[in-house]
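Read through the structures below before going on.
Below, chain A partners chain B and then partners chain C, in two separate complexes.
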Partner chain A sequence: MAREETFYDVIRRQGISRRSFLKFCSLTAASMGLGPAFADKIANAMEVKPRIPVLWLHGLECTCCSESFIRSAHPLVKDVVLSMLSLDYDDTIMAAAGHQAEAILDEIREKYRGKYIAAIEGNPPLNNDGMYCIVGGRPFVEQLKEVCNDAAAVIAWGSCASWGCVQAAKPNPTNAVPIDKVISGKPIIKVPGCPPIAEVMTGVVSYILTFDRMPELDRQGRPAMYYGQRIHDKCYRRPHFDAGQFVEAWDDENARRGYCLYKVGCKGPTTYNACSTVRWNDGVSFPIASGHGCIGCSEDGFWDKGPFYQRLSGIPQIGIESTADQIGGTLATAAGVAVAAHAGASAVKRLRMKSAETAAERERV
Partner chain B sequence: MATLNTPNGFALDNGGKRVVVDPVTRIEGHLRVEVNVDGGNVIRNAVSTGTMWRGLEVILKGRDPRDAWAFTERICGVCTGTHALTSVRAVENALGIKIPENANTIRNLMQLCLQVHDHLVHFYHLHALDWVDVVSALSADPKATSELAQSISSWPMSSPGYFRDLKARLTAFVESGQLGPFKNGYWGHKAYKLPPEANLMAVAHYLEALDFQKEIVKVHTVFGGKNPHPNWLVGGVPSPINIDGVGAVGAINMTSLNMVAGIIQRSIDFIDQVYIPDLVAIASFYKDWTFGGGLSSTSVLSYGDIPDNANDYSMKNLMLPRGVITEGRLDRIEDPDLTDPSHIQEFVTHSWYRYPDERKGLHPWDGVTEPNYVLGPNAKGTRTHIEALDESAKYSWVKAPRWKGHACEVGPLARYIVGYARNIPEFKEPTEKLLKTLDLPVQALFSTLGRTAARGLEASWAAHKMKYFYDKLIARLKAGDRSTANTEKWEPSTWPASTKGVGFTEAPRGALGHWVKIDGGKIANYQAIVPTTWNGSPRDAEGRIGAFEASLLNTPMADPEQPLEILRTLHSFDPCLACATHVVSPDGQEMARVTVR
Partner chain C sequence: MTMDLKQGPVPFNPYTANPKVSRTSYYIYEAPVRLWHWINVVAILVLCITGYFIGAPLPSVGGEATFTFVMGYIRMAHFIAGYVLAVGFLFRIYWGFVGNKHSREIFYIPFWRPNWWREVVFEARWYAFLAPYPKKYYGHNPLAQLAMFLMFTCMTTLMIVTGFAMYAEGAGPGHWSHTAFGWVIGLAGNTQNLHTIHHYGMWAIILFVIIHIYAAVREDIMSRQSMISTMVSGERMFKDDAP
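Here is the complex of A and B:
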C-alpha cells in the first residue's frame, strides 16, 4: 500500500493546475452556500488531508440515490471518486465481486478503523431474520452493523436509509427500518429525498471532507444548510399562492401561466428540502417548475400522508425565515394557523402578517 | 452429483467444484450466483438467486390509482421512469382514458431518453470493466492510442496529448494505492484481450461518458422536474406547454425545447461517435469469445413499445417490435397477449413463496404471494448464513414467469431478434451492417457479445428516435396544439365501480407489464412482471431454466476464483434485482380477463 495522499496531491499529480483547483474550491464553497472567504479554507483542507475511504452499502432500495450522486455537476462525480475520496466499496460500480468485494470491507474496516465513512443507501428489513435482503449469504443488517460500527461517521443516503421510504410504507411487509433503528453510538447524518439532489449529496460529502466535521444538523438529523427551509418558502411560484392564483386542473390556463400548484396537491408547504433553491440536474428545473406538485419525498413517512393529489388541509404559517426546528418548536402556534381550502389572497396576507409578528417575537427572544 | 436434462434443452451437471459469487456487483440490487465447474473449469450448472424482496405491490393495495406511478417508479431508480410510464398506461387502460398526442410524444421522448442514458451507463460503467483492463491502460502508448481512436471515429477528443494527460492521471491514481472502485478488480486476468491502447481509449470514454450521462437526463428534468424519478400524470404529462403567452417561463417554452433539442443532438453524437465505435473496436478483439447465448437462440419475448400515435398499442403503431419466438423458430413469430391467462404465468416451485398448488403457474391477475423462505435439504450453511444453495428446492426471491410454458429472454437482444425476424429495416439493417463489419455470421448474435451489441445499436436507434419525436412535437406546436393532459376522467366519481387494466413498456432491460384492478376508486390488486423476473428466473415446476442460468452454461473459466467470465455474461443482461423481486397481492384474486382498449 502506498502512502496516503491528499486531495491536492492527487489532482496536482493528475495535471490539474492550481488555478483550476482554486476555481473548484470556489465552486464547492458556492454550492454549499458559503461565502468566497470559505474557498481558501476549503483549498487549505484539500491540501493537507488524505483521501478518506468510503464504504457505500446497499440494502433494500432502488439505487436512485447512486444514480442521483453520479448526476452531480459540481463537483463532477469523476472528481469526487478519483480525487476527493476513496470509494473503496460500492457494489453498484465496483470492479470486484463476490469474495474479492467482501475482502475489501474486511480490509478497510481493519486498516481504517474509526477513520472511514459508511455511506448507506437503502435500509435493512428485520422480518424473516433479515433474510429479505441477503448479501454474501447473510442478512444485510449484519453487514450494515459491522461496517457502521467501525466507521467514523455514517451517512444515511436518501429516504430509505433516513426514514424507511417506499418499502416501509404501510403495511411494511418486510419490516424495513431506517438505519438509525439498528445503528447506535455513531454520528448519523440523514440526507433524505427520493432521491436527494445530486449537489446536496456531493455538498454534504465535500463539507465533511473540508471541515473535518459533521455539518450542523437539525433535530431530525438533517444538514440544516440544505433541509432548513420549506420548498414553499423559496418557491418561485409563492407569489401566486399569496395572491390566491392557483392551478385548478391539469393543463388549464393557470397551469400554463405557472400558477401555484397547492390545489392540485403540492406538498411544498410541508416539505423541507433544497429543490426550490438548488434545483435539480445542474439547476435545470424542479418538480414544481415542470408543472407537478411536490410529493414531499424528503419527509418522513411521505408515502402514507394521503394521496399525492389531495390538497393539504393545514399549512404551518411561520414565515420564510423559520427552520424545521423552529416550526417544531412553535407547533402550538402553528396548529391554530391553517390555510383554508380556498385560501383567499386577503386571508393569506393576514396570516403572513401574523407570522411575521411571530418571527419578530422570536427574534426578540 | 447428478446430471439432468432440462425440458428446454440444457444439460446440467452439479458435480465438480461449486463456485459462489455473492454479491454480484455492477448491477442494480442484490444477486447471487452459484455455478459448478468440471475438471476443465467449464461451467456445467448455474444457479441464479435474487436476494432481496420489498413487497411494493402489497403496499399499493388500497391506494389511489393516480398515485401508483410514484410508488412503482421506486421499484427501480436505474431504469427510472419506465415503471411510472407502465403504471399510468395500466391505470389509463383500466379507466378508459385517452391521452393527448403531445403527451404521448413527450412520454416517448422520456422513455427514449431513458433507453439512451441507461444503455450508455450500462456499457461504460457497469459492463466495460468485464472487457477493459484498467491497469493494462497504464502501459499504453498515447500516440498509438490517438491513432487508434482517430482510425475508428471522428470524435474530437483524440489527440496524443489528451491520452497522455489521461495516462498521467490514471498512473497517479493507481500509484496512490487507493484504487477506489477499481480495487481488487480482475486486472491481468487471462480473459482480457484488449491491447493497452484500446484499454486506455476505453478508460477515456468511461470518464467522458460519466460526465456526459448527467446531461442526457435533463430531458427528464425539463418534462418531469427531476431525475432520477421524474414526475408523471395519469391522463397525460404534468408539464404544460406555453410557447408565447404570459407565464411562458413557468411552462415548456422555447428555452426548454432548445435545451431538449441540444441534448438530443449531443446524445446522437456521443452514441454514434463514441459508443458504437468503441463497441465495434472492443468486439473485434473478443470475436472468439462466443459464449453466453443461453435462451436467445430459442426463446425471446418482446411486448413492443414507443407508440407512434397516442392511445394505439397495436403492433403496427409500436416502433419497438412486438413478438414471441420459441423453439428457435425465427419464421414463426407469435403475438403475446398480456390479458390471456394462458399466455403469461408465474411459477414459485423454486421461489421463496407458497402457492396452493405449486405445480401450476398463475396469471398475474390471479397471483398469490405468501413468502416462504426455506432452504433445501442439500443447502450448506445455515438459514442466516448460506454457504451453498440447493437448487432442487426453493432458492430465489425471484418468481419464474413463463410464456405458454416457455422460459424466455427479454431485453435489447430479444427486441433486435424479433425486429430482425420481422424484417423491419431499422432493426435488421444495422444488425447486418455490424455483423458484416465484424465479419461474423448471424449466429454470433446469440451470445453475450450479441446482447451487448444489440444494446448499443438500440441506444443509437433510441437517440435518433428522440429526434423524430422532438420534430413531431414541434410540428404539432406549429399547428397550434398545446394540449398535454386529458382531465375528463380525473375525478374518481367518473370512474366505473370496478375495473381493471394492463400497461406495458419495453424497459431498457426488456418487457415490462403492470396489471391493475381498481374497485371503488382504490387499487384492489397490483402486479408487475419485470424484465429481470424473466431473465433472472429460477427453474419452474418442469425444471426449465431461465436466461441467466442458461447463458452461463458451457462457458470455460480461466480461473474459477476470479469469476470474470460469469460477471461478463450476467452483466450483458444488465440485471436489475430491485425490479425482479416484486410481490403479488396476498389475496387470491378471481380469474379475470382484461380488455386492452
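Here is the complex of A and C:
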C-alpha cells in the first residue's frame, strides 16, 4: 500500500518551491508566537506526517470565513488550504457537486473515523426541525452532528459557529445556535471573528498538525495565542487614549490626526482578537488603522451590544436606545426629587409634633 | 449644668452627680468601623467621578500624546480608589467577625425572623408618615439594615468583582486579579456586558448614597437617637428615657 500523502507532497505537487515552503513555516511559527527553532518543527511535521483530512461544512453563514481563508497573506497558505480542502469536502469551493460530493463525506468518515478535523463555518437553525438550512436535502443540523461525531476535533470557524453571530441576534427567528450547543463530547476550538483573520485560521490548522494536539484555549474555548489580548491592549492609537485625545465626530480635526476612536464607539477595549498585531490583507491595515472603530465582531453577541458608534451599550427594553447613564441619571434625579418631597413632608410632620408638644407642655403648666 | 432653684446655677461635677440618672449614650460604632466608613466615603466619591469619566471621557486635550496622560491619570485614580475600596471591604468583613455585634449588621438580614420583618414594616410605615412616633434602636433599624445589605454590601461586592475582572483584562494572565477574577470574564462572555453591569452598579450606588445621606440627616432630626455624630464619635445618644 502506498504511504499516505503528506502536506509537503501536496505542496510540491502544486509546484511550490521548497524555499517558499520554508518561508511559510517560519511565518506560521512567528505568528503563533513560537521561537525560530519551531519553524523546523513545523516543516518537519508538514513533511512526514500524513495529511489530516479536513471536512469543511457550511451552515447558516455568509462564506466570509472561506473568503478570508483563501486570502491568507502568504500565497503558499492559500495553496495548502485549497489543495487540502478540495481533495476532501468543502461544498463552496470543491470541484465535485451533488451526490458525488456527498459521497466524499461518507468516504472520509469511514476511512478516517476519529482522525479527521471537522471545520464548521456557520451554525444550525433549530426552529421547525432545522428547516431553515437544508444541505443535500436534509437539515444542516443532522449533517453537522454526523460529521462531528466521528471527528478527532472540531474547529468552529468564525462568529457564526462560535457565538451565533447575526442570525442569532435578537429576535433570532430561526433559533440559530452556536455549534457547541448541539455537539457534545468533542474538543471544540472557537476561532471567532466575522470573518477570522486568515493567518489565525491557517495558524490554528498548522498548530494542530505540528504538535498533534489542540492549541492552548482560553476560558471561552479560543486559542489563547491569538485571542489572549484585546485589540485595545496592542492598538497603535492607545497612546492617544491614555493621553485623553479622542475623535469627537467623524469629520473633525482629531479624526484627521488619528486620535483614539473610543468616544465614537470603538469596541477595541472589549474585543479579544489579533487584528491590531497581525492585521489584515498581508498586514496592510485593520479597521482602526483605516479610521473606523472596532465593532467587536469576534465577541459573543456583538450585534446586540451596539450601537456600533456609541461607547455605552444601548438597552433597547427601556426606551428605544437608552444607555446606563441616561437610565441611571433619570433614576438619580427621581430619587433626588423624592428625597426633597419626603424631606418637605417630614418637616411638616416635625412642626406639627413640635406644636403638639408645646401645647401639651402648656397644659401641664 | 444643673439648676438649683434656690441658689442659682452650680457647676456640674460628674463625681457627685446623681448616679441614678439613666445612661443615654451607648458605644455602637467602634473606631475601625468609623475610620473605614469615612475612608470609604472618599473612595466611593473618587470611584464614581473617575468611573463616570472613563465611560464618558472629558473633551479631548491637545498637544503631543507623549506629554499628556489625562485618561491615564483618571484611570489610575480609579484603580487606586478601587484597591482602597476592596482592601477596606476585606478589612470590614474581618471586623465583622471580631468587632461588636453591630459590626455584623450590614452583612446579613435575619431573613427567617418574622419579628424582624414586622419591624421592617413598622419602619416603612414610619417613613410613609403612617406611624406617629419612631422607635429606638441601638444599631441600624431593620429597614436601614435591609437597605445597607442590599444596596451597599451586595452592590459593593458586585462592583469589586466586576471591577477587578475588567482590571484583569488589562493586567492579563499571571496577574493576581486574573487568577482571582478571570472566571468572571468567561462568565460574562462579551466583556461589554461587564462594562454595562459595572456602569449600572455605579448608578445603584449613587442612588444608595442619596438615600443614605437623606435618611441619616432625617433620622438625626426626627428620630429619638443621634445619627451623624454617632459615625464620628461612635456614641449613640438617646433623646428621651421612654422605652
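The rule is simple: the second predicted complex is superposed on the first by the 285 of 365 C-alpha atoms of A that agree within 3 Å, B and C clash if a C-alpha of one lies under 4 Å from a C-alpha of the other, contacts with A are read in each partner's own complex, and residues count from 1 in each chain.
Note that in this section contacts are C-beta pairs under 8 Å (C-beta built on N, C-alpha and C of every residue); 3 or more make two chains touch, one makes a residue touch a chain.
Since the model is a prediction, treat every value here as computed from it, not as a measurement.
Of the two partner chains, chain B is the only one touched by A:Ala176; chain C is not. With both structures placed on the common chain, the touch criterion links A:Gly268 to neither chain B nor chain C.
Looking at the shared chain after the overlay, A:Phe246 reaches chain C, while chain B stays out of its contact range. In the superposition on the C-alpha atoms of chain A, the part of chain A touched by chain B in one complex and by chain C in the other spans residues 259. Every residue of chain C that touches chain A in the complex is listed here, in rising order: 52, 55-63, 65-66, 68-72, 74-75, 127, 129, 169-170, 172-173, 182-183, 185-186, 189-196, 199-200, 202-204, 206-207, 210-211, 214, 218, 221-222.
Partner chain B is touched in their complex by these residues of chain A: 1-5, 10, 13-15, 51, 53, 58, 60-68, 70-73, 76-78, 81-82, 85-88, 90-104, 125, 128-140, 165-167, 169-174, 176, 194-195, 198, 236-237, 249-251, 255-259, 275, 280-282, 284-292, 295, 297, 303, 307-309.
Across the complex, chain B meets chain A through its residues 20-30, 32, 51-56, 58-59, 63-64, 66-67, 70-71, 74-78, 80, 121, 125-126, 129, 134, 165, 168-169, 172-173, 175-186, 207, 210-211, 213-214, 217-218, 220-231, 233, 235-236, 238-242, 245-251, 256, 259, 371, 373, 381, 383-387, 397, 482-485, 487, 490, 561-563, 567, 578, 583. Every residue of chain A that touches chain C in the complex is listed here, in rising order: 163, 218-220, 224, 228-230, 233, 239-246, 248, 254, 259, 262-263, 267, 269-270, 296, 299-302, 305, 311-313, 315, 324-325, 327-329, 331-332, 335-336, 339, 342-343, 345-346, 349-350.
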